[in-house]
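See below for the structure under consideration.
Each chain gets a letter, A, B, C, D, E and F, in the order it is written, and its residues are counted from 1.
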């Protein structure tokens, strides 16, 4: 397979289009399975009652929010070093989805926090750094839309994504650095083993579903980006020819 | 020797030039012509290494300028639309700094002579902020009398200059070419220079 | 009718002109000449009411412009060194806004015609940021085709214009004068206009 | 099936408000994103 | 009417320009949120502490973000020569500036007011206190724009004026801050915020009447 | 040596320019002081509260004032075309930027360090804590300049980029803030600040090595 051929936006366009539905389909199926586990297989938590079921969206969303940023940074590296347009577009296509997951992690966390801690929000390290992650996503997108020369926008946002990716480990380790209200890694170990297993299973399946969803949506958005950029060039060329 | 090979220049979605070729030899001046917006400034910025093209090459002594950036820069004087003058420094300080930054030994006597030539001697201790449009351009051109480099790239150097300053610059260009310098400039009127040394290049599709 | 009486203009410590007198009548164009830094821009800014002198008067129809600022402004188009263009608005929006702000009824057809005339029709929906130096000046001059006012004050309007645009502006000036407009402009070369209408005024002590 | 009745299921042991908003909002966001993308897709194909 | 037309065109232009740079509006908002979030990070997050500093922190952040956006009020118009042209518009400068200030409030002040309730929730305020917070901001932020305009006009054309602007304007902002944050703190502590609020309202009235005029004078001086 | 000569000329130029605008340096300082003083005004000044928030407030103010002055780093050089000329100086851009960042720290960061002890006294800190405060700022403020330079390079040439700069840069400042303020708070509470301080030192080392390079890349992209 000629890799270079596929790394050109034009040839990748139909490939993206034909792959996307499969990913979205798998995502849908896994989502249903995950929800079934979340509501019907997982037993009630004896401390938190039913509220803990929020974990099945909260944790996968929080994981995705961090992963997606790392992957954007990864594409940015590829873009900057190989100067390939497609990589920049990949990064750009992921950003809104990442921001949505960050937003969901924040909101579902708050909704969980109200019954558990009695407050919608506490200024604890993990919560705050997750909020910062949302700012980074917004900053990334704001920078991209503020620059209307796409070449510059692509590369400038790539540099930003790379530099700001240092925040992700900070979110991850924040619970260690500060003693906080938020759960440390793996509540599951404190539970009975059988229950832990089913919970872990549920979160994993939801996570995979979110993953597939992210890939599918990113591919679709990639198609839009390619088409929009392509159209602008065609449109301008025609305007020049008809002169 | 400067060569431009198969250059393509795009700004935004519009194609300004494609397969553009040009070469410039010692003792030669290229006068870039073209209507407003044909891409003269864009071309000069690419040639001087300030922006990069997607296809095509700019070669200095047969080496791509992107691979030998510093060597190339030290052979080049670029003076753009913007006069590159710090409003808060005095005229003299501005000149001194711009020379020092380019690694030129600064001799205060010669500096003052050059300011005399461009007619700014009386204002040498004023902050550059108060200069008139034409005086600013004179100041940014003063470097041409002090820094010996083979290649000059000048973007509309005659803009805002009065008749006398116009002549002065033309004389300096003549000298530079005679001592086998090279120059590429844009201007909307043809500079009054020995026709043998001058090559006209027109842009515009 | 515009009259300047016993004007004195000082910038910092230097006296640019003293006891300067001038008058401008309908159908007349004054071409201000003078070497760089003699005070042409300073004079135009005083005449247009943007800065104020210490001694002397500027009279519009025998009324001091400082006492009738708004009436005077509504008879005046001033185009300075700076093109007064918002980089973030499109070419069309820039023109529309500058007209509306001056209380001119905007007719989109006529606007597009004017853009056609100054050669910007194709770029009318691009943000002004991407325009070249000369295209910016063309845009700022476009107002002259759309807004009817008796007095034009233009500071180096020919700067950065190419040959074709130069001619265009000269024709427009001719028209304006014939329909008994007035104009005062600076430029380092004499505009190519009916000599009967043109008065040369030299600055410089 | 430990819920017994639909009411119990919806009540979520008294935490229904929090749980359902969490899941509902998540689904809504994802679907909304898909919908928006679909529209953008149609637009971007538009006049090629 | 001709005057109304001109003023409307100006308002349209300023808002349009801000919208073109959506990122600017979004950025003002996010700066507000980020600045608020910085404090708990620097201070540590004991809930009782948070409760005590909430109103103050939100108000200080509103102050700072409103101040940061002041730069945009005249400087870009100045840089490209548009401001000269505005001076030549046949209309009192005071009126023109009033419109510009109003446009500035719409894009830089109003969004803060709208976002404030969420921040209030983050600091665990009750519904009544949040109401007072919003009210104090509705009265206070236009005042910030008005005062700021005078400062922005004064420093016009000075490079690196941003910081100088801050030092001119911040002291003038202090009364607004004291009564604005004061009203909310009072409400949080169960005291009536009415006194503080009516003081701000009075200041706002004064501001609307005098600030555009003062700004016009300052602008003419700067543009000599 | 030629390289040294060029770099020295650049350093001289940047510092000279800042000195010409003394008001700028003074203003950065004033902003710092005013911002610190705003808090007691907004929050109310119960002594125990002051004690708890002191380190955080001083650090947040340092952050904000350093950020405000970032604008000056490239934008004026960009506006008058000097930056183009700097790109053409026959020398690695990374080195040139390192010098510019250093100059920026001298005029915008160092003064904060020098002023900090006085502010520490206002918040009733002990001598040892003030020592830690100064130390944390000495390590932290250069890092702020370094990180900020990347952001400033990215937004170059965008009108009204000031606020966008803030939202790009502030999130990146946060680790510095956490450990900087953390060190001082630890010291105030009688815990050893060593861990936090050595983390900042490590970040500073990384910053010195990578930030000028990243800024150079960003600058070339912006100036295309």
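To be clear about the criterion, contacts are C-beta pairs under 8 Å (C-beta built on N, C-alpha and C of every residue); 3 or more make two chains touch, one makes a residue touch a chain.
Owing to the predicted nature of the structure, the values given are computational and were not obtained by experimental measurement.
Q: So which chains count as neighbours of both chain E and chain F?
A: Looking at chain F and chain E together, the chains touching each of them are A.
Q: Which chains are joined by the largest number of contacting C-beta pairs?
A: Counting C-beta pairs in contact for each chain pair, the top pair is E-F.
Q: Of the other chains, whose C-alpha centre is the longest way from the centre of chain E?
A: B
Q: Chain A to chain F: how many Å between their CA centres?
A: 32
Q: State, to the nearest whole Å, the distance from the C-alpha centre of chain B to the C-alpha centre of chain F.
A: Their C-alpha centroids are separated by 36 Å.
Q: Starting from the mean Cα coordinates of chain A and chain B, work out the distance between those two points in Å.
A: About 49 Å separates the centre of chain A from that of chain B.
Q: Just give me the whole-number Å value for how far the CA centre of chain B lies from that of chain E.
A: Each chain reduced to its C-alpha mean, chain B and chain E end up 45 Å apart.
Q: Would you please write down the residue numbers of chain B that are in contact with two or more other chains?
A: 12, 81, 87-88 - these are the residues of chain B that touch more than one other chain.
Q: Which chain E residues touch at least two other chains?
A: In chain E, the residues touching two or more other chains are 21, 23, 27, 30, 34, 41, 76, 159.
Q: By the touch rule stated above, which residues of chain A touch at least two different other chains?
A: Within chain A, residues 132, 135, 138-139, 142-143, 146, 149 contact more than one other chain.
Q: Inside the complex, what are the residues of chain A that reach chain F?
A: Touching chain F from chain A are residues 80, 129, 132, 135-136, 138-139, 142-143, 146-147, 149, 151-152, 155-156, 159-160, 162-164, 166-167, 170, 177.
Q: Using the touch definition from the top, list the residues of chain E that touch chain C in their complex.
A: Residue positions touching the partner: 2, 5-6, 9-10, 12-13, 16-17, 20-21, 76-77, 80-82, 84-92, 223-224.
Q: Could you pull out which chain B residues touch chain C in their complex?
A: Against chain C, the touching part of chain B is residues 11-12, 34-37, 39-41, 81, 119, 123, 126, 130-135, 137-138, 156, 159-166, 188-189.
Q: Going by the contact rule at the top, pick out the chain E residues touching chain A in the complex.
A: The touching residues are 21-23, 26-27, 30, 33-34, 37, 40-41, 45, 47, 50, 121-124.
Q: Inside the complex, what are the residues of chain D that reach chain A?
A: So the residues of chain D in touch with chain A come to 1-3, 9, 12-15, 18-19, 21-23, 25-26, 29-30, 33-34, 37, 40-41, 44-48.
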